[in-house]
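Lettered A, B, C and D in written order, each chain numbered from 1.
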Amino acid sequence: MKIQPFTAEPIRWVSEQGEPLQPLPERYTPDFLRGLYRDMFRAREFDRKLITLLRQGRTSFYAQAHGMEATQVGLARACRAGHDWWWLYYRDHPIMLTLGVPMLQLISQIMGTSTDVCKGRQMPHHFSAPSHNVVSISSSIASQVPPATGTAMAQKYLGTDEITICTFGDGATSEGDWHAGINMAAVKRAPVMFVCENNQWAISTGVADQTASETIHIKARAYGMPGYYVDGNDVVAVLEVMSAVAERVRSGEGPAIVEALTYRVGSHSNADADAEKHYRTREEVEEWTSRDPLDRIEKLLAHLGSPVTAEEKEALAQEVNAEVSAAIEEAAASGTPSWDVMFHDIYAEQPPHLAEQEAYVRAEQEVGA
Amino acid sequence: MKIQPFTAEPIRWVSEQGEPLQPLPERYTPDFLRGLYRDMFRAREFDRKLITLLRQGRTSFYAQAHGMEATQVGLARACRAGHDWWWLYYRDHPIMLTLGVPMLQLISQIMGTSTDVCKGRQMPHHFSAPSHNVVSISSSIASQVPPATGTAMAQKYLGTDEITICTFGDGATSEGDWHAGINMAAVKRAPVMFVCENNQWAISTGVADQTASETIHIKARAYGMPGYYVDGNDVVAVLEVMSAVAERVRSGEGPAIVEALTYRVGSHSNADADAEKHYRTREEVEEWTSRDPLDRIEKLLAHLGSPVTAEEKEALAQEVNAEVSAAIEEAAASGTPSWDVMFHDIYAEQPPHLAEQEAYVRAEQEVGA
Amino acid sequence: MSLIAEEQMARSPEVSGETRTINLITAVTEALDEELTRDERVVVFGEDVGPRGGVFMATAGLTAKHGEHRVFNTPLSEAAIVGAAVGMAVRGMRPVAEIQFADYMGPAFDQILSQAAKMRYRSGGNDTAPLVIRTPSGGGVKGGHHHSQSPESYYVHMAGVQVVMPSTPYDAKGLLKSALRGEDPVIFFEPKRLYRAAKGEVPVQDYTVPIGKAALRREGSDLTLIGYGGVMPDVLDAAQALAAEGVQAEVLDLRSLMPWDKEAVLSSVAKTGRAVLVSEAPRTANFMGEVAYSIQEALFDSLLAPVLQVAGFDMPYPYVQDKIYLPSGNRIAAACVRALNY
Amino acid sequence: MSLIAEEQMARSPEVSGETRTINLITAVTEALDEELTRDERVVVFGEDVGPRGGVFMATAGLTAKHGEHRVFNTPLSEAAIVGAAVGMAVRGMRPVAEIQFADYMGPAFDQILSQAAKMRYRSGGNDTAPLVIRTPSGGGVKGGHHHSQSPESYYVHMAGVQVVMPSTPYDAKGLLKSALRGEDPVIFFEPKRLYRAAKGEVPVQDYTVPIGKAALRREGSDLTLIGYGGVMPDVLDAAQALAAEGVQAEVLDLRSLMPWDKEAVLSSVAKTGRAVLVSEAPRTANFMGEVAYSIQEALFDSLLAPVLQVAGFDMPYPYVQDKIYLPSGNRIAAACVRALNY
């Protein structure tokens, strides 16, 4: 199925009432849809549980994806897990969960425990999953864009059939590095799919204060590449558009931008709890809550005669909760990385000045002990 | 007259054969056209003379504008000299000449003499003309774009009817700062006109290796602003388009991008003498030489029954040559700025460590003397 | 922070007249508010500084009071923010650009280096860029790599910009006013872990603190402790611990790093013969190396011990090891003991 | 450069076997050429490095020989160039990114700071960025503000990157090979005024020079002169002038700034008791401050004079005063005399 670039309205497959607006492709059996639903539900529950963990003071920072699950799950499902490469940003844990990154790994990062692959060095939400080709996340907004282009250039040079996926928020599109990386990708016809998770806010800055262009995907015109516009709360549309674009990119036709229009229902992070008091209206949040991506797929399943029952939901919630709890316990049990890991991995081999600094702290620690 | 944005072809008023393609606006009397011709001629001769100066070793660097005179003269004439503000780049001396910046000032900068307003501190072509609101030029490509936006924001804040003009080459459009500055200008509806002098090369990199977009002006779509496309070798078209866009910007309708399609006939600089040997064909250069902007206006004047005579040209050349020679002599006679100016203007007041450093060199100079 | 250290920081001997007690972030807000009122050329902008009041609330209430044309949000681009400030300043305004965290000055590096810092010089003194870049810096808030860095050394090395980092409300308010009234670009680092922790008296009346002068926090004759920014409470804790052992440390808070108060430093060390320099910037090639160099160059004969540094370590700022990374009062005191026993 | 200085730089005692004499830029070209041949993962790119061969011709002929997929032009964006190198390196390649002038590293500053330098650490050692950024730096070519700067001190302070600056063809070739074969990001500064001025022998056989080791350019017992990069010929001139007066200076060329060879520096200064540090980076808070700090900290008791610096001045690099800006042999010798007479 050919997906059109530069549509005036976001591409949509399922109405807000859960009715298909065009025939669903074959693969969307109730079972398959249920799988998507479960991934989205799992992400939502994960957020809910982790916010509790935050409230308990067992982690210091949390950036929820509430409301954005269709975008993230649809995207993850559109690519080849363990084969394609990912340059993500901090709000993308649902992508990682859907790719199959173990919960323990994510939770360990969030808690900074010994089970964390990045050794407790980064603040929560700066994940990394070498097993799934998810490159370690940097806080610096849009700084992942030029490197994503580089990874795709390498994939092309090495003759692989991998692609690179690079995600970012609406705010990121204002940064210079965003432009620099995308422009280079287009010139080099690098196999990279740029995905804007347009949740309409960058902390307290609305997208209209971010750019004067009507949409984000239209910016693709500046780079001579196609720009696609999809309803980011419609998981079917997301999966269809992302799959088509990913395969186009894989086939060597050059990079593309996809804008998924969604909404950040929750706060930006725990450091921004009072969004509705300061910069956006309760009505706006309610309007978007009423367009919830999980609701939409539940309605679709009901429409297809395979409704999600209350018991099923309950069982699913319990399953995820148990999984999260077990991961939290296992992570906690592993303890905090010992202090000396802070002195390693700065270079391949520890240079003398760092050995000296480590010895200095060791002496201090031994006196303290 | 309403100028259309986003045209497929560059807007043109006069054919390469010197025939008006549409009626010329009233102001284009033979006298007026002769004035434009003289400005362009003056710029061309200036380059020719200065390259001789370079060959004599009396300056160290030169970046000619040969071939781009229609773009630069048309642009300068479209704005209010001494009123509007300019953030230019190094190849824009024809703009400054046309604005009325004294030749002595430009030549002093190029030679680094005591008559240089920037005191011999910058390498040639990094001009500055406080008298004409031309802000000191930085080498760092595209770094003038965000400041130009700021100047325009100030003009708006202060309630002036000034606009800011920001120029750059095709290469500059790849830089992150280019994007950052233009995006901000659009969001803030700052009165700034961005002008791309697309001479199709950035040193040895052709515009097709710079961006995958078909044109530069199309990039305006990414910022929700109009993009105009003009034949940069047609001084009438340039003046008409730039005037219309400048007045649109002045009227508060927000910023715009204008792309003037032209060609760098000469080398990038004296450090790049062998362009045709290394990266472009002699045929390409010849093709563009045959589209010379001075030729075009000469033909137009002939077509209008007011040809430029050989004697007139000769007299003009002599006039400019005399002017340049006088300026060179006056600049040279002023001598080199004394060594100690290197220690001034770093801060408003010289801090103690710089006073110390100056004293140290003074002692050294006195011993040496 | 110990009570005594708190007291030493709370009341600068420079404070006179009627005062109120506020914290450091309020001092910043007040300085902005008062300068916005005083000078129409002043505008304040950056990411989320508008209705939200900034992520630390430094600009809380200012949009409501002064209007959206004077205190406003920008797109998410540090290059655009700093660049716009340069262009405004050149056209006669007094912009205050906020960078949300000092860690995010990277995208604006070239705007600072190629535009702000060189403007006056390259134009022969004709174009100037009197702007202020305010930014929260330093560690101690569990911010990991990108919410904890201390990049001030980069900017001290960059001729053409002034660099300031207060550690008390009095200095924060007075220095920010000086920055706004001066003629040079100023990078104003705000030690974020002191935003609410540092409380102190500020005069009710308008006042300024001059850029380039250190503050004497404590007199002493046995050794000179020199610091700035977020480490100051720990420096004072160390001085206090030493005092309990009978050692009197003189404590200088540099406040300004460019220009820095070499005169005050040299006259103190000439007296004590020993200097310990404390900062949280990574040790190698940091700004305190400059202070150390200057001391040994000028006072070689009167030094009784090598100049010693206590600093951050040479690594991306770590997350769970936040506490170990930062110079503690104990670590500072240990360095002093080393200098004393030399 | 005097004849003797030239000789000292031309033949490193490390050179052995059959040799040829080439200049520094040819050494760079050869290293790239040989590594492109040796390792398929190596690619070379940047502004104008393709058919044009770079503005200094460092990559001349390489596109023709190795193909456009291996040596190619990029759009005019330093952030894209360095960022692409990061992404390639993470995916297993060995990219060499050229920045046309070190002055233009500014737009790539955040890519170096937030991506390259922190990659290994932040990923727990799983993702690595073994890339090389090559860039011509330093003054002496009448380049003014933006074609003369020496920004190495910024990067020495930035944990996670290695910093190298050769001054001889032998070192340029051997260090560039080490950089390409190593596992860390390396910033490779090439002193542009020595590109053609520095000539010397290089082995015909493949060889490397280890990163982190200084080179002894001249033995002496009266004082230690330490420098790197473009100033080395002047340092050697000064040493020679001193020798004519009967003073034997030991001369160390650091070559690597991160890590730098503290051991070699300390053992020399322990012997001579005096150190003069020479660089052209602006004086305040430059990398040599670190070397000075380390010397006085470790060798306080054996120092006979303060450690002295000769450096660039704290200003944007000037144009007509280019010559006065740079440390001359005379200026260096004068500092040595000051140290000797102390």
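Assume a residue touches a chain if its C-beta (ideal position, glycine included) is under 8 Å from a C-beta of that chain, and two chains touch if they have at least 3 such contacts.
In this text the structure is predicted, and so the values were computed from the model without any measurement.
Undergrad: Hey, which chain ends up farthest from chain B, C-alpha centres compared?
TA: In terms of C-alpha centroids, the chain at the greatest distance from chain B is A.
Undergrad: Write down the chain pair with more C-beta contact pairs when A-C is set against A-D.
TA: More contacting C-beta pairs are found at A-D.
Undergrad: What's the distance between the Cα centroids of chain A and chain C, rounded to whole Å?
TA: 36
Undergrad: Go ahead and note the Å separation of the Cα centroids belonging to chain B and chain C.
TA: The answer is 41 Å.
Undergrad: Which whole number of Å gives the spacing of the CA centres of chain C and chain D?
TA: 32
Undergrad: Where does chain A touch two or more other chains at once, residue-wise?
TA: 121-122, 126, 138-140, 174-177, 180, 183-184, 187, 209-211, 346, 353
Undergrad: I need the residues of chain D touching at least two other chains; which ones are they?
TA: 74-75, 77, 79-80, 103, 106-107, 110, 113-114, 118, 121-122, 145-146, 159-160, 258, 284, 314-316
Undergrad: Of all residues in chain C, which touch chain B in the complex?
TA: Within the complex, chain C contacts chain B at residues 43, 69, 74-75, 77, 79-93, 95, 107, 110-111, 113-115, 118-128, 159-160, 162, 182-184, 212, 258-259, 262-263.
Undergrad: Write out the stretch or stretches of chain C touching chain D in their complex.
TA: Its residues touching chain D are 103, 106-107, 109-110, 113-114, 117-118, 121-122, 145-146, 153-154, 156-157, 159-160, 258, 281-282, 284-290, 292-293, 296-298, 300, 303, 305-309, 313-316, 342.
Undergrad: Give the list of chain C residues in touch with chain A in this complex.
TA: Touch residues, chain C against chain A: 47-48, 50-53, 55, 73-80, 103-104, 106-107, 142-147, 283-284, 313-316, 318-321, 324-325, 330-331, 334.
Undergrad: Please output the residues of chain B touching chain C within their complex, sorted ascending.
TA: Where chain B meets chain C, its residues are 85, 87, 116-119, 121-122, 126, 128, 130, 135-136, 138-140, 143-155, 157-158, 164, 176-177, 180-181, 183-184, 187, 344-348, 351-353.
Undergrad: Touching residues of chain A toward chain C in the complex: what are they?
TA: 60-61, 112, 120-123, 126, 138-141, 171-172, 174-177, 202-205, 209-211, 271-272, 278-279, 336-337, 339, 341-343, 346, 353-354, 357, 361, 364
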